[in-house]
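Take a look at the structures listed below.
Okay, so subunit A shows up in both of these, paired with subunit B first and subunit C after.
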Partner chain A sequence: MSSLLEAFGKAFSLMLHLNAELLAIIVLSVKVSGTALVIATLLGLPLSAYFGFKKFPVKGLMISLLNTFMGLPPVVVGLFVYLLLSRSGPLGFMALLYTPTAMIVAQSILAFPIVTSLSHSAIISVDPLIKQASLTLGATPFQTSVTILREARYGIMSAIIAAFGRVMAEVGAILIVGGNIAGFTRVMTTTIALETDKGNFELALALGIILLGISLLINLALHVVQKRGLVGVRS
Partner chain B sequence: MSLLLKVSDIRKAYNGSPVLQGASFSCDENGIYALMGDNGSGKSTFLRVCALLEPCDEGEIVYLSNGLILPHDIELRRRITLVLPKIGVFNTTVFNNVAYGLKIRGLERAAIRDRVNRMLDFVGLGHKKEQAALTLSSGETQRLGIARALVINPEMLFLDEPAAFVDVRNKEIIEEIILNLKTEGRTTVILTTHNRQQAERLADRLLILMKGRVTAP
Partner chain C sequence: MKKTVLMLTAVLILTVVGSVFAQSEIICASTTSTENSGLFNYILPLFEKKTGIKVKVVARGTGAAIEMGRRGDADMAFVHAKEQELRAVAEGFFVNRHDVMYNDFVIIGPTDDPAKIKGMKSAADALKKIAERGAAFVSRGDNSGTNTKELSLWEKVGVDPKGQKWYLEVGQGMEKTQRIANEKSAYTLTDRGTWLATKDKDKLGMVIVLEDDPVLFNQYGVMAVNPEKHKHVKYTEATEFINWLISKEGQQAIASFKDSLGNHLFYPNAE
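Moving on to the complex of A and B:
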């Protein structure tokens, strides 16, 4: 118990005196997961809208597949991306393995089904009366779609937060494709795994607390955005 | 009056069960028309078809302006509007709900602000403009729906049971709003109601929808 408390104490001390290495790890983590989240959102949101607004023959099957992929094991994604980017793989010529780009690709694959599937659920949950109201007030089909997306915004934001939580916390995929190279592909989760193996719990704990803090900050920021979204054009 | 409506022999069925069976109606003079009928007689369907919210199976809906037949396009849809008995409230403020129709028409902010504020005062919701619209009472929500429709200055306004789910006070306010429209004389109103007294109070012309057809009482 005392060693745990001691570890917490040292962790807080590390956080207060952020050294350059620790800071680089945090920045890279946010950069990789943030970029992956942006890519997943840019691809997933239009697709979720398409699934929400259009009818086509294999829609049910595709949604079931997306729901299944939400639970993709990170190590399996890591293995898939590894095989794709390894020298003998189809994209080996790009020499991306063990780079932050490879980590972004892996995390984008993990985040994409979460953003798409949960956003789709949010869109189809919008009251059908909203669509009718929009049309009766003279909206074009495109304006009606935008209105429905706006009504689904809280659900979509939740989808993005959920995806961010997933990619920030995962370790399996980025360990396989990133290699945990110090100063180059080492991020918070891979450092926590490595330092725990080494018995260096202070650094692992400090990074764990920072990870939680980042999640809290993002949730708070989104909460503010949601509150502002309620006001729109001021009277 | 610039917009005329001619409905000829329209038929509409849902899952093989006929609702409208050759309904015809002509709206050739300005005023308020009240369409009465029993539950399930097809009043709402009739309004939705006339307001171009859904197509009819057979028959013709013709809108005319200055002797010309208008195509059923977005331009025409923006000259008419329908207020449903259950209002689809946007999850934003009362002000933004009423501003919606003006924003999608690309009006400038100052014009939107001016028109929305005046309309909210007209329906007695001026003091609630910053309130979240989803927190309004059912009567206020109904007034919000009417304000949202009126702010776009429709030439033809369809009101489906405008005072069906509201208390006496809100019913009186809504009736007053409709009577004001009659005085202003800019908008043709076609409303549905179960209440004969209400229809007689408000309307210039009474109609009955029976067995899928429109008749005079």
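Moving on to the complex of A and C:
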């Protein structure tokens, strides 16, 4: 119990006296996970729309595959990306292993199925009447798609938030492909794992609390964006 | 939203570009015991200041660290399993291997010493006794330097501990392994550095039950990845770091390193 209290105290004092090293770690965490999320969204959202609007064979199979990949163990993704980027692997010439870019690649792979699958769910749950109404009112198929995407935007936002939570909390993949190199590829979660290894439980827990705090801030920001969108539609 | 996307894309591009224009940096595959002790934090700034070469340390078990070098994912290795190192050199994956420093392993166990190891002189005999009594023993089980040493001791006394009820392979770093041994009232083999650095902090109710057997000597070595195997490795810079480590200056830096409790953890012994 005392160590829990100590951790909260430590987290608080760490936040008050944010040193440059810790700040760099936090910035890198947000940068890596944020970039991965943008990539996953840019690729996943159009794909989910395609799945939602078009009918084609093996669609069911592809969606089941995506749903399965939502549960990919990060360590497996890390190992896969490691073997891909290793100097002895097919993309070794790019010299990307143990760089933040490698971490972004791994996390994009983790985030992609979540964004795609959950966005797809949101798109197909839009009331079919909206599609009919839109078409009846003379909208082109493209305009209709945009209307449906607009209707589904809260679900899509939830999908993005879920994916963000997944990559921000993930440690297995980035530890393998990033190498947890001090000052270069060390992020919040790998620092927490390292400090736990070193037995600095209070510091590790304090970092965990800070990580949660950052996630809360980002989620609040996204919530504000959502709210604004709502007002815009009503007015 | 668009702005954020643009900004994040810019960040990504910068990251990619940044990694292309990296300065003089080498990747050193090393072990958790050296990294966690704080040794690198102490000596690397000295080397970087002198040469401008930045050493990036990726800490794994010795087995994984050597594998990183074999695959060309590191420029050099700083590890502690001499036999594995010499084998990797003989296979042509590494060159320029040198002894750098040493410390030693000790066997630790519960304070009440259920297998009555205290007073024994031979580490191998001690393990045999632990096996005979069926006293719990926690193994790293991760192909690390410590694990390699432990397995060589079992082999010496002809005991195959794998799969035995009293033998727990945990696959964790040294400090976690000690903690597990403590929770399970078990014996384990540890390096003196980790033991000294953590016994008080982790409130381990354990004691050293056997030490000073010459077989428990723990040699650390450095070696560069062979540039003939992997053309891209930074052999020159890696060699510069190796030469510094075994130079008078590097050896003094290692000797003067103390952990936060004031313990000397490593003793230089380069020739």
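Following the convention adopted for this analysis, the second predicted complex is superposed on the first by the 231 of 235 C-alpha atoms of A that agree within 3 Å, B and C clash if a C-alpha of one lies under 4 Å from a C-alpha of the other, contacts with A are read in each partner's own complex, and residues count from 1 in each chain.
One rule holds for everything that comes next: contacts are C-beta pairs under 8 Å (C-beta built on N, C-alpha and C of every residue); 3 or more make two chains touch, one makes a residue touch a chain.
The shown structure was predicted, so the numbers you read here are calculated from the model rather than taken from an experiment.
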Touched partner set for A:L4, first subunit B, second subunit C, both or neither: neither
Subunit A contact footprint on subunit C (complex, rising order): 1, 4-5, 8-9, 11-12, 15-16, 19, 27, 32, 36, 41, 56-59, 71-73, 173, 175-176, 179, 198, 201-202, 230, 232
Of subunit A, residues touching subunit B in the complex: 127-140, 143, 147, 150-151, 229-235
In the complex with subunit A, residue positions of subunit B that touch it: 51, 53, 74, 77-78, 81-84, 86-93, 95-96, 99-101, 103-105, 109, 112-113, 116-117, 129-130, 132, 145, 148-149, 152
List of subunit A residues in touch with subunit C within their complex: 31, 34-35, 38-39, 42, 86-88, 92, 95-101, 104, 179-182, 184, 194, 197-199, 225
